[in-house]
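In the two complexes that follow, chain A is the common piece, with chain B as its partner first and chain C second.
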Partner chain A sequence: MSRRLATTLAGLAGVAAVAVALEATIRAGWISPLIIAPPSSFARAFAKLWAEGFVVQPFLLTIGQAFAATAAAALVGIPWGFWLWRRPELGRAYEPWIGAAFAAPTILLFPLFLVIFGRGYATTIFVGFLAAVIPVVLKTREAFLGVPRVLLAVGRSFHLSEAALVRRIAFPAAVPAIFTGLRLGLIYALVNIIGMEFLIDFGGLGRIVSEMYFRYEIPAMYAAILLIVAVSWLFLAALARLETWLRPR
Partner chain B sequence: MAETTLTPLSRGVAAGRGVSTLRIRALTLVAILAAWELLARSGLLYEDVVPPLEKVAVAFVHLLLSAETYRHLGVTAWEVLTGFAIGFAAGVAFGVPVGAQRFFGAAVQPYVDGFATAPKIIFLPIVMLAFGTGIGSKVALAALSAFFPVAINTAAGVRQIDPVFVRVGRSFRLTPLQMMFRIYLPAMRRSLVTSMRLGFGLAVIGCLLAEIKFSNAGLGHLAIEHYNNFRVPDLYAVLILVFVLAVGANTLMARMMPRH
Partner chain C sequence: MKTILSALIGAIAATAVGGAALAQDKVRAAVGQRGNWDTLFIPQGVEAGIFKREGIEVEITWTRGGAETLQAVITDSADLAMANGILGVIGAISKGAPLKIVSAQMTGAADMFWYVKADSPVKSMKDMEGRTMGYSRPGSSTNLVALALSDHFRVKPKLVSTGGIPDTRTQVMSGQIEAGWSVPHFNFDLVSEGKIRIIARGTDVPSLNDQTVRVNVAGSKFLTGRRDVARRFMKGYHDSIEWVYANPEKAVAFYAAFNKVTPAIAKQTYESFPKAAVAPWPVKGLKQNLAEALEHKQLEKAMPEADAQKVLFDFVYQAQ
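Our next item is the complex of A and B:
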């Protein structure tokens, strides 16, 4: 048995053990099923969410917004990061600010965006954009800074113009690292958009959780939360795999 | 000596660079503030959506002078610090075995990754069912938010410990608790400080978002009250205060970083 299979099975066995323990505790009456829904009710709750159209459509809505936000972040962030590399004095001046913005609790500004954009897709996508654009800028600048000097020297020795040097050498060499920025950006956008949807009861997957809570349908609420956890994990894993597959060997 | 001749030179270069960096930053700040003020006075947006700077400044001074602010600040500080302490302790306690036991680490990884990536705020309904809609649910959400980055970063820190230390501990037949406090934790001080910064930042976000969504006290509550009554300059003032406090705490923790 391969190591990978063994750890996967052990993980699943652990999850099953936790589920059985929870089920037993709830049946024994130690925890109210109104606080933690018994795991045995999840399948039916999920089927109900599916039947009522609370799975596929919200999922598409949420990832659609995440991709839109990431596309906007790419359009703004890649040229911005490139510019910070071309003008090193600007790069030095702004890099710590952008780093600080990365750590800053930007999502807390959302009431302001509600004031400015109203309660709609403009707000959710803008929050996703803000979360995505910072890693894209930082990674793009890093990507160009990481282009081997030898490659640029070869280009210069062939008397390439500055524009050709960027287009033929620097940019192709920077693409893999730029993609890392886009991958991070997409994940941040997705997570922040789901959070926003929950906070403002609007849009896709996040809204479902809040709606099930207000309807007091506890098993369905748990099913929706687990769906979001699963989607987050799938995105993380799929994008990491895509990146290794795309990266030149 | 090479060092003494080099030092003044490099310092001169750094100072020269510092001036131009400073100038760029100052110009940028002035440009942003001027653009803000122009936008505010242009009448392009609804009144007060982008309030003039002077109104925001007045609102900020009012905020700092009001006793009510400090009551809300006290509630939020209590929620964040308690939640962070719980989440940090639990994250370290979970992260050390995940990092030290390869098999256990590999088995739990996909689940940790999934929960760590998902936005923590969606767990708010669960913690409200369990701990009520008051302070307890905010503490729980802050703890949950801090737990994952601390656990992941601790596990990574443990994997980087020189195996010689661990073997020394084993050869002295230390108990698991002794291993934790005598070997693992001292060997990973730097990664613990990083964990604190990451965990604290997320605890602040988790707690404030929970307050904004559902609460009757705290800075998040204050912000959403201003929003609901369309007191936009006051809303800006509260958010500025939150940002200043969060960034200040982060800087303070960065200073704690051991030098080696």
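Our next item is the complex of A and C:
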């Protein structure tokens, strides 16, 4: 058995074990099925969501918003983080403030954003972008700071220009940590976008979770949450592929 | 020595029994939409000493209504959930939630109104075709009444869940939705300032007058395990409503102080809630409510009225 297959099977076995334990706990009456739905009900719940048209379009809407927010965070955050590295005095000055802003629950500003951007995708994507850009900035600066000085010294010894130094040494060395920032950014973007969809009853999977919750369709609510997990999994897999392509071997 | 000891033991026993007799039974009530006229009956009753007379100490938790209120009872964080949309309650009970309807809370929709900005092109409900119209949460009474208004005026607005009254107001005034929902006294200030216009009221749909739109619900565990307490609480609730309408000046003053509004606005609010509308019994229009619950997917399959009577209700107390 290949190592990759073994890893995948081990992961699935872990999930299955949790599902079985949860099912047993609910059937034993220790947890109310009105609070946590038994995993055995998910297949039927998913079929119900499909029949009501609550799968494909909401799935694609949430993916689209998360992609837009994360892409915007990358376009803004990576250059910003790079600039904070190139200007060390500014990096030292602003990093604590940016880090502090990361802890702020910006999603609570959503009524303001609704007024500014209206009740639409601009608001949900902006909220996602706001949550995602900060970890991208911080991790990008950290990534460039972490490039071993000896590599840069070797580059300079070969009389590489500053641009070539960045392109051929610093950036490839920084890619892993930059992608850590992108992964974090994606997670925060998705969480905030789903939260917005739930709060304002708009958009994709978050709106479905809200609707199922208010209809007391608890298994369907959890089925929608599993679809959100699937969105996250797809994005993280895509990022892993992109990182592999960008990193030289 | 023996006599002294006996006297001491007797005194301790008497204190314990006396203490128990003075102790009140605690009831936890989750109440949606803080500050509405019809959700203040319990605080009014507490203030007037009605619940104390029944030996009940009420602990109120205010919620934003809808599923949040019912979930408090389902998770045993509360004994009763007051002021719940009947569609949502039917849906929850049909899916196994351990709840029972103990009384009506609002019959008809004399309290609700929908409004638009003063400069809106919408003049009445008939102009709402394709336009966004707010309601609080799925399964709520505002959801039910918004649907009834749409059917009555034969229009198909785009219904949007906008949450509570302040959130709805923000969305209307910033142009995110066309028409928002409200109940007195909220938004009366904007009406009097000419900033908004009322385009529809719950009373515009005559059939709603005989339909209970909100109900009070108790947990099955509370009803079976502490039935006498439940009975006394519901008696206290009924008597509180009787007291409020028998003492309108005091009730209006309480409402004004609680919500920090003028007595004039409080009085206007009182006049919007006829006593018959808040009568706890009977629960009216069950057949219509069951049909709407099925149509709007709160019920997965049709429930015959006879079955519904057994499944949904437990009138632990009913005034004669």
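Here are some notes:
In this section, the second predicted complex is superposed on the first by the 166 of 249 C-alpha atoms of A that agree within 3 Å, B and C clash if a C-alpha of one lies under 4 Å from a C-alpha of the other, contacts with A are read in each partner's own complex, and residues count from 1 in each chain.
Convention: contacts are C-beta pairs under 8 Å (C-beta built on N, C-alpha and C of every residue); 3 or more make two chains touch, one makes a residue touch a chain.
Source: prediction; values computed, not measured.
Using the contact criterion defined above for the overlaid structures, shared-chain residue A:Leu114 touches chain B and also reaches chain C. Of the two partner chains placed around the shared chain by superposition, chain B is the only one that A:Ile225 touches, whereas chain C remains out of contact. Legend: residue contacts after superposition of the two complexes on their common chain; A:Ala174 is shown touching neither chain B nor chain C.
Of the two partner chains placed around the shared chain by superposition, neither chain B nor chain C is touched by A:Val147. In the superposed pair of complexes, A:Ile98 makes contact with neither chain B nor chain C. Ranked by how many residues of chain A each touches, chain B and chain C are led by B.
By the document's definition of touching, neither partner reaches A:Ala66: not chain B, not chain C.
When the two complexes are overlaid on their common chain A, residue A:Arg215 makes contact with chain C while staying clear of chain B. When both complexes are overlaid on chain A, the residue A:Ile35 reaches chain B and chain C alike. Residues common to the contacts of chain A with chain B and with chain C across the two structures: 34-35, 111, 114-115, 199, 210, 213, 218. Those residues of chain B whose C-beta lies close enough to touch chain A in the complex are 17, 20-21, 24-25, 28, 45, 49-50, 103, 106-111, 113-115, 117-119, 121-126, 128-130, 197, 201, 204-205, 208-209, 212-213, 220, 223-224, 226-227, 230, 232, 235-236, 239, 242-243, 246-247, 250. In the complex of the two chains, the chain C residues touching chain A come out as 66-67, 74-75, 88, 91-92, 95-98, 137-139, 160-163, 167, 170-171, 174-177, 297-298.
Listing the residues of chain A that touch chain C in their complex gives 32-35, 52, 111, 114-115, 118-119, 199, 201-202, 210-211, 213-218. Here chain A touches chain B in the complex through residues 3-4, 6-8, 10-11, 14-15, 34-36, 89-90, 92-94, 97, 100, 103-105, 107-112, 114-116, 187, 191-192, 194-195, 198-199, 206, 209-210, 212-213, 218, 221-222, 225, 228-230, 232-233, 235-237, going by the rule given at the top.
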